[in-house]
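Next come two complexes, and both contain chain A; in the first it sits with chain B, in the second with chain C.
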Partner chain A sequence: MSASGYLGLLPLAILAGSAILVLFGLAFARQRYETAFALSMAGLVAALASLFFAWTGAPQRFTALLVLDHFAYLSMALSIGATIVVEFMSFAYFRARREENGEFYFLLQLACLGCAVLASSSSFASFFLGLELLSTPLFTLIGYRREREAGLRSAFMYLILAGVSSAFLLFGMALVYLETGSLDITTAARAASGSASFTVLAGLALMTVGIGFKLAVAPFHVWTPDIYDAAPAPATAFIATASKGAMAILLVRFFAPAGIAGAGPFAWIFAAIAGISMFTGNILALREGNLKRLLAYSSIAHLGYILVAFVASGNQGSAAVSFYLVAYFVSNLAAFAAVAGLSTNEAEADSIEHYRGLAKGHPWAAAALTASLLSLAGLPLTAGFMGKFVIFEAGAGAFLWVLVVILAVNSTISIFYYLRVVSALYRPASEAGTGSMSPRPAMPALAAIALAAMAIAIIVIGAMPGSLMAFIREVARDIASNAAAAL
Partner chain B sequence: MMLALFIVLPLVCGFAAWILGSRGSTAGRWISLAGNAFNLVLAAWLWIAQASGSLVPVEGTWLALSSMPWIPAYGISFTLGLDGLSLLFVALTSLLGIAAVLASWKGIQEKVAFFHFCLCLVLAGINGVFLSIDLFLFAFMWELMLIPMYFLIDIWGHEGRHRAALKFFLFTQIGGLLMFVAIIGLYLAHAAATGLRTFDYRLLLGTALDPTRGMLLMLGFFAAFAVKLPAFPLHAWLPDAHTEAPTAGSVILAGLLLKTGGYGLIRFVLPLFPEASRSFAPIAMWIGVAGIIYGGFMAFSQTDMKRLVAYTSVSHLGFVLLGVFAFNVQALNGAVIQMLSHGLSTGALFILVGSLQDRLHTRELSRMGGLWSAAPKFGAFGLVLTLALLGLPGFGNFIGEFLVLLGAYRASVSVAVVAAIGLVFAMVYSLRMYQLAFHGESSDTKEVRDLGAIEIAALGAMIIALFWLGIFPQGAMDAASRALGGILGILGGTA
Partner chain C sequence: MAAVSFEYGLALAAILFILGLVGLLTRRSLVFMLLCVEIMLNAAGFAFIVAGARWGGADGQVMFIFLLTMAAAEVAVGLALILVLSGRVPGAVPDEAAAGGEPAPVDMRSLLDTDYQKDAQAGRTRP
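This part shows the complex of A and B:
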């Protein structure tokens, strides 16, 4: 392994190393909370910066476990970026109990490392390792506010369900290994294309259940609203973005090169999952009065949209998945930054009623939250519109007309509930005693910065997506060629 | 570059109005008024230049073109083009934009800055729709004009505004998305046929499509435009949205947003899908006739004055649909004149109804009456606009409807005969409205304040334009004819 080979590993190494540093900081520093935050933030920024150095060395394989190509680095950049934004919104959120809360950053960073491993894994072993590295901290993150009973209950629920889904995944991997004798992801995927044996198909089906659970697509979505609601807002933001994003990237890496996403039984399975997710998520969200639950349902639908591009497969499809993920990340992070920023130690800002009249007290926060919701709804001048365009384009290019029309219908349904929230922002605040707080506390600086940055990103990507789209297409072209080269 | 001004200027004015206007309420009004006035001057200048012959087409029938790369990876560019047809509509946009600002001068007292931001943003989107000749940009602008319009209804509308705003948005959104899908379908078909991935309208013209695919894609476009127009079974959003919107919102909805539907049919549906449109034409013409009759009938039975005017739009825009699909130059010219004069006359009527509502706090015809004696200026303007509404010769409306019927007669006698019945309805509902509101007596209207200077200025300008269209329609027809001729040439229709 050459020097540049190790350079390619730098982002992962920095993430892991700085996580340990955070632990040391927590053990020895006096200002535990601030130290943990600063060390973790420094580690994340350094990891992000190291991606630039690692970029030139790609693509390369690091042992049989990891494939470090541009696609992996892109998704690492996304996960790390999302984690940075999540840390910005958590700083004030957890500060009230600063004696105990420093560990939050350690766990978050560990989960981020899990995402990075997951996105670059080339073998079932590293896949599972990354997944557990991601899931285990999440159990704690979900139940982090121990004083809340619902949080603890949800953490247990997630623990059990994640355990079950891991079991499905492992059993599926075992079946595939039984047939192919290889733990390599692309080998396994290739065995499933063409005339695959029943064992392989059954194995892949079981794995699909495990992956579907992590992505929270219907019919594996049932946990989502409760977890979103009960977890602290920053943790929810992480689950909604980095965790699902890494899994979606892995899905592309796993299935796309062999072309089994676009043809054969799995194309039908994923197309069905996409259609059901879109309808389920959007219809359940229609009458939801809690913003966090609403975002949970909406994320089910959004993952359905992403699956449309995934089924479209090919370079266009992979590029569309990646681009939509970027749009989905910035929009969701903005929404959760607003929720986290407006929550206080006593009350989570989750009911839509709470947001009535926000435009009066916090005009800028209201404008940013509007941008985020309109982006999720896929309206122009926002990243979401461009995201929807690339999915439409990929879907229509693969002649998935039914899915594309379902997507069009569903975006219309989704507008109904997003506009309900937007409309609330500009209505006069409701009478006292119905949940809204007056006077509203000022938004914490770091959360406001996160919100503003994400809102600006939404608008910039929505207005001038040209270079980002070209860049992502370039990167997506890599996956197919690298997978071919690896064999 | 000058073309981009039509879009950029309202955008800049909108943001300026929002930021500067939050200090005091008048700044926002003046900024958006100035922006629209500047655009009107620009449009007038272009108009004079093309009428005098000093502005000659730069390419085909395009008087001006400007293009910038936007998303090259997908063959998308920021391309604007202006021909006689779009010039007419851009001029209408600036004129009605001014009217809308004036109409809201007294009526809007809450969140004035944000109101003008939304207003300017809608106008920017509408100008974008009229000028884009990149189909992606067109779809972008098409969606862009919806959001601020939604806010205009949802925030500043009347009692049932939330529902009406949502209904408006959902209807137009599903149509718009189907069009978006169809645009992408056309783009991919063109790419498959030629290997060139582009959204440029000029290049996509003449894309070879097999009949089934051509028909499906055409229907995707038609869905969006038929909802906006609105065509008969898809009009359900219109009465609510028009009635509940604030006056300025109704002016923009009726005067401009509906026109984007008709414009889209002429600009995109006919030339991009000539065969499919031709086979769809009989159905479309009957849909138009159904709208004419249904709208007239419903207008007659309304007791809410604003709702009545809203239903007349369904009827009048039925003529546009009929004219567009009759495939000859009279009918097409008639459709354009009908759109322009409907925009002016209905816009003016909404201002009139709005100022009545401000004074009487009701839109119920049964509670009006006797306005002629109580407020003579109201009566005079009301009479002029009612006559325009029923299509009296001398107003643009007459020319429009007459030309459409003339052209439709050549295409299909039975359609023209049934459509002509609509004129009788127009007579009846217009005169009934006038009689109930202005004649007779009522205690509610005794003390009513007459029209003010701002309202008279707005209404006066619109009525002058209506007369101009009615007495000298040749100017507008000349401007549009070259563009329309090009479109008919593609259709292979009779000149």
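This part shows the complex of A and C:
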């Protein structure tokens, strides 16, 4: 392996190495919490910077396990960026009990490494390792605030469900391996795209269950609202963005090159999942009074939108998935940054009632939250609108008219509940005793920075999507050519 | 070379997997639920070994070792959560002495259902 080959591995190596450094910092430093935060942040920024050096060497394969192409680096940049934002919003959130909260950053960084491995995996072995590296820290992150019983319960529930879904995924992998004799992802996908045997189809179906759980698409979505609600807001932000994003990227890498997504039984399965997810998520969100649960339902619907682009397949579909993920990441991170920033050690800012009159005390936070909600709803001049536009384009290009119509109907439904929250922001605060906190605490500086940065990103991507779109299209073209070269 | 056809191994793995799944759906104790997940994971591991044996490669065994490691990590976190929960959730674990020396298993129902906890605290039982 040449020097440039190792350079390509640098982002992963930095993430892993700095995670160990954080652990050392926690063991020896006096100011554990601040040290852990600083070391972890330094590691993440270094990993993000190293992507620029690694970029030129791509695409290349690192052993049979990892494929380091531009698409992998793009999704690494997304997950690392999301983790940085999550760390910004968690600094003040966890500060009240700083003696015992330093480990949060270590776990978060490990989960981020899991995302990075998942996004660049080219074999079932690295797929599985990345997934578990991502899931195992999440169990702890969900139940991180030990004084909250609901969090602990949800953490256990998530552990059991994740274990079951891993078992489904692994059994499916074993069946595919039994038939094809190879752990390679593209080989497996090709075997399935031809005249596939029953064993391969059963294996892929079992794998779909495991993947569906991780993406929280209907009918595997039941856990989402409880866990979003019970987990600390920054952990929820991570689950909503980085964890699902990495899995969506893997799905594209797995299925897109062989064209499974566009034809055969799996196209129908994924199309059905996409349609059911959109309706389930949006209809359940309509009457929800808790902002975190509302975002959980909305994320089910958003993953449904992403699956529309996935079913559209081809270069355009892959590009649409990536672009929508960027829009989804910035919008969700902004929303959760607002929730985390307005939460105090005593109370989580999760009821919509709590946000009434926010515009009066925190005009900028209210404006940023409005931008994020409008972006999630997909209104023009926001990142979400461009994301939906690209998915429409991909869907129409692949003649998926039914899915495109369902998408349009669901976008309309979703506007109602997002606007319900927005209107609460600008209504006068309710009278005392209805659950709104008074006086509302000031927003912590780092969370405010995260919120502002994400809000600006929403507007910039929404207003000037051209260069980002061109860039993503360029990167998405890589997948198909790499898969062809790999064989 | 192969004295046993791989179909038998696969059938055994499938039976184990289904046993684990059924156990998970019927058992209510947290520890047993964790055990059932382990059985499902090990069924998948066994399927990998069978598949590896079919192709005469080490890949299946490598996956099994990965799987074993991951299952151990998951159980470590799971048991830690059960420990914390058993002290925290009222009524989740009845008093050891009152239960006749044998610590009663934590009940999943008591975790997911708050009414059940109130009932348990009040000493009521539900079907």
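In the analysis below, the second predicted complex is superposed on the first by the 487 of 487 C-alpha atoms of A that agree within 3 Å, B and C clash if a C-alpha of one lies under 4 Å from a C-alpha of the other, contacts with A are read in each partner's own complex, and residues count from 1 in each chain.
To be clear about the criterion, contacts are C-beta pairs under 8 Å (C-beta built on N, C-alpha and C of every residue); 3 or more make two chains touch, one makes a residue touch a chain.
Keep in mind it's a predicted model, so treat the numbers as computed, not measured.
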{"item": "First (chain B), second (chain C), both or neither touched by A:34", "value": "neither"}
{"item": "Touched partner set for A:412, first chain B, second chain C, both or neither", "value": "first"}
{"item": "Which of chain B and chain C A:353 touches, first, second, both or neither", "value": "neither"}
{"item": "Contacts of A:380 with chain B and chain C, given as first, second, both or neither", "value": "first"}
{"item": "Partner chain in contact with A:469 - chain B first, chain C second, else both or neither", "value": "first"}
{"item": "Residues of chain A touching chain C in the complex", "value": "124-125, 128-129, 132, 136, 139-140, 143, 146, 149, 152-153, 155-157, 159-160, 162-164, 166-167, 170-171, 173-175, 177-178, 181, 183"}
{"item": "Touching residues on chain B, where the partner in the complex is chain A", "value": "69-74, 111, 136, 140-141, 143-144, 146-147, 150-151, 154-155, 162, 165-166, 169-170, 173-174, 177-178, 180-181, 184-185, 187-188"}
{"item": "Interfacial residue positions of chain C with respect to chain A in the complex", "value": "6, 10, 13, 17, 20-21, 24, 30, 33-34, 37-38, 40-41, 43-45, 47-48, 50-52, 54-55, 57, 59-60, 62-63, 66-67, 70, 73-74, 77-78, 81-82, 84-85, 88-89, 111-112"}
{"item": "Of chain A, residues touching chain B in the complex", "value": "374, 379-381, 385, 389-390, 392-393, 396-397, 404-405, 408-409, 411-412, 415-416, 419, 423, 426, 464-466, 469-470, 473"}
